[in-house]
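Order as written gives the chain letters A, B, C and D; numbering starts at 1 within each chain.
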């Protein structure tokens, strides 16, 4: 796949249809992969696409599409939803991006691999239902369901939206996805249990802003938490408003726009399951206002800027969900 | 730092009896920024107001907090007072310590404590207040009326009467609308043309009114007082200013097989036509779909015959742009299409007609000169069945969920006229309810039943089957609990009425809101019934909802008075408490525009280039303060907080929250 | 179960909300079997609403209805009178378990010729 | 020594839209209908001006209950504001519930300018509910490190 992608990128660079390529490259370690822009064919030696390439590149296209010339972007299905949502918000100039859809069969989670006692990872490849991990101690085999990241195990869609060209096979929307199971499990707890759960999770937050920086829905030119007119940009005390409410507000701001790509949880250095907050909103929206997938439909108004005359009343919260 | 003065009102004993006003003033004086605090018997009295004015001057106050009755009561009074001594009126806040404190609490200690907290919140807010200046925009003293039916005509006449210029844009070749097609009007049975034609002539002759017939609105820019409207004048292939309306061409045109819209296709007209004798403007129009000359280039009869030389086959659509201060929407209605109602055999038998078609069949200007005969064989019908609520009050797909309102009365009128003109005709009316609220309406209906012996049957027609030259009508009679079978000669269907198809795209142009039935929504259902929520856009007639002629004329008049009220102003003073966007923080994501009910937000791509970053173009929002009404919906929708509201800024409300929760 | 409860149950089984009816009578106007019926389509709806469902249960009308669904097709409010009849018929059938096969009695009555399939389906149908 | 037993008086913030509910609150005052003094009203132009941040801020600064009052759906002075507010609050409240915050601490009521009676009743009821719940700690220290 990687070779085919590089070849196609070279072709497009050569015939002048694009002037840059958006992809991934290795960091210090093989699993430490970050999105990268390649300015010419020579730089593509560093281009990598393997089972560690989980990063969502759509956000980078906001700035890239403001530059001269067209950029080639390889988008996985979940990246393409984020990309489409950003298009809807007029954040990306579609004319400046050439999109090639690439399939993604589930990315590996390095933490899960490490938890299995596999260390010194040098590379990874897919083989049927297993990952073959190349390490300094030799090859190790690990079953995919044990090593795949949570968001991939509950993948919502292997189908792209809005691509110019497909490489590999186009997938399907997965209606069977169990992605709301964990949310439902929490909903079934008592409020006290839920409070303890979240307190346990959120108290680990170090406010590093990684979730905000990676999130393709958190693309504000300037975040509300950095807005002096919002009166919440308090940087001092640990008990400040910002400290306590950051995650609720962030989840609310991306509600209806979050495509559920799961990047927030992937990058969290404290492993807080932040995606559950977003999924809670998605689940509520689906249940209360009808099925909605951000990015899936360019013309549909997103739920927070829409209403019907007979929407449910906020009091419905007292009746549904939760154990009381 | 602000220098704030606090003024606590006793309101006689209304406040002072339960709130320790002295303590409130003393405590608030300790608040940061408060340099003066006092209390007085009646702050709103002249003496009280002077006290405020004097303190502002003596203490060099930059902000004022009044602890008194509800701001809904005296905020305006106090704002005026502070403005009189040169303070910006928006530097004042009112803490409501009467309606929301002294009047609801009995315990003096509690009430005093609450009054202090409310005062503190107001002080905290004033700290963040900024002088606001209401914007002024000039008003173009001309109105546009879209639609030239009775609503548009009446409204235009009333506005013109007040001395303002009015343009009417009508999509048909003549003004007059549906009322020209109607034979008689209920409940007086006077002739529709006889009362409408003089008004049409008035419109044509009024110096203040200009008619753009055979024209459409294609674009609307601007806002209240300052609309720029693009109008398309469709090519009629006849020079309007030269045609004398003699009608010779309409007699000589060899293309005779053109369905006559005026008679709803019940007969034919020529390819060049004047819709009817009293048309305004009385100018011929060529139907390009049928004209042989325009289609094949071979004919030219009308051109040869026209002594005035008015025919111009090369005419093109013309596009104009005009300025208006106010826009009236009077786009009217149409009966719904009945193709989906198979059970009534409308598309199977020519003798099943809609009420509007029946109106033409009865009219002296109709296809048969007013002699009622069946369209199929031109025989006089002996049994006529009227069916009400065809498509009205229907929640299934092909119908409309609302009551069309006019059908009960016109059906009653039709039934009565039939019995009067042709006494040997049996007339049945099937009804679900007979709805006759209106002056002399129920009396009219009772006359039909009692004097004219119309058979009113509570029930509905289930099906109509053409059989031979009869229409077999099967219906229920719910009162006798039996099924009726009637051999009718004609069936008349009271089709539901719906908003004209042009209304929906027009609403988009105007950014005026519509309900799910494509009727324009009013700014307030009870208190602002002729205004659209979009400032400067007004509603008349059936564009707003089904209504009959008297109601339409009433509404058109009310609408005109609202328009006159607007045009009479030289300047519009806006509400300064409007939204504004910080373009440095704006993402241009359109979220705010999506929730704005007024279409006040527009986007432009601006250059944010700085030397070190190279070129940077960004799409940013800007709010038109003349259009924004200050609801603040956009401020919450905006994820980055770029959007804020003057007078109720995020910071201000936050500071009130902090002051209260301290 | 009293009549009101049965009416509710009929509404539930049929999915018909009789409150949607605006009493226009179009269903009865359209009914081809009207004259053969004691109760007519618009009355089905009314009886289901007012809880007098017993009258309908006992009436032969429920078997004269042809299930042509003309009333369902033409009702302007989407009330679906014929579905009430369907539900009432179903209800009647369900009531019949009282006087139908009881497992203990079967052996004595058993006719060797009866296909086993018929027995099984009879149990399915009449057991509760 | 007598220990002074202090009765718990919750701090309640009520956001009222200017056109209906604030006027409704005024009316309950005009009619001298009583409700507890711990309800403090903040005037906002429309229920749609209520930013979730205001609610969270109130809780974080020590409020024990927050209520939003607006025009009845369909009666909004700005035609559609309260429809948006309704969605926003539904989702926000659901989220707070999800985080384990007692859902009874937040409420939305539609109060028209004529419903002074309803306003007073609503406030009495809300204060009683929140008083029963006791002091709000959860939103104050949701993210605080465990002791």
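Rule of thumb we're sticking to: contacts are C-beta pairs under 8 Å (C-beta built on N, C-alpha and C of every residue); 3 or more make two chains touch, one makes a residue touch a chain.
Bear in mind that the values here come from a model prediction, so they are computed numbers and not experimental data.
Student: Of the pairs B-C and A-D, which shows more C-beta pairs in contact?
Tutor: Answer to which pair has more contacts is A-D.
Student: Measuring between mean CA coordinates, which chain is farthest from chain B?
Tutor: Looking at centroid distances, C is the chain farthest away.
Student: When the centre of a chain is set as the mean of its C-alpha atoms, what distance in Å lies between chain C and chain D?
Tutor: Roughly 51 Å separates the two chain centres.
Student: For chain B and chain C, what's the span in angstrom between their mean Cα positions?
Tutor: Chain centres of chain B and chain C, defined by C-alpha means, are spaced 49 Å apart.
Student: Rounded to a whole Å, what is the gap between the Cα centroids of chain B and chain D?
Tutor: About 36 Å, centre to centre.
Student: Of all the residues in chain B, which ones touch at least 2 other chains?
Tutor: 595, 637, 650, 654
Student: Quick one: which residues in chain D touch 2 or more of the other chains?
Tutor: 52-53, 57, 61, 74, 80, 84, 88
Student: Tell me, which residues of chain C touch at least two other chains?
Tutor: In chain C, no residue touches at least two other chains, as defined above.
Student: Residue numbers of chain A touching chain D in their complex, please.
Tutor: Contacts found on chain A: 183, 186-187, 191-200, 202-203, 205, 230, 232, 239, 241, 243-249, 251-252, 255, 277, 280-281, 284-285, 288-289, 303-309, 311-318, 321-322, 324.
Student: List the residues on chain D that touch chain A in their complex, please.
Tutor: 52-53, 56-57, 60-61, 73-74, 80, 83-84, 86-104, 106-108, 138-146
Student: What residues on chain B touch chain C, complex-wise?
Tutor: Listed in rising order, the residues of chain B that touch chain C are 343, 389, 391, 393-396, 399, 430, 432, 458-463, 474-478, 481, 483.
Student: How about chain D: which of its residues touch chain B in the complex?
Tutor: For this pair, the touching residues of chain D are 11, 13, 18, 22-23, 25-30, 32-35, 37-38, 40-46, 48-54, 57-58, 61-63, 74-75, 77-81, 84, 88, 120.
Student: Please name which positions on chain C make contact with chain B in the complex.
Tutor: 20, 22-31, 34-35, 40, 42-43, 70, 74-78
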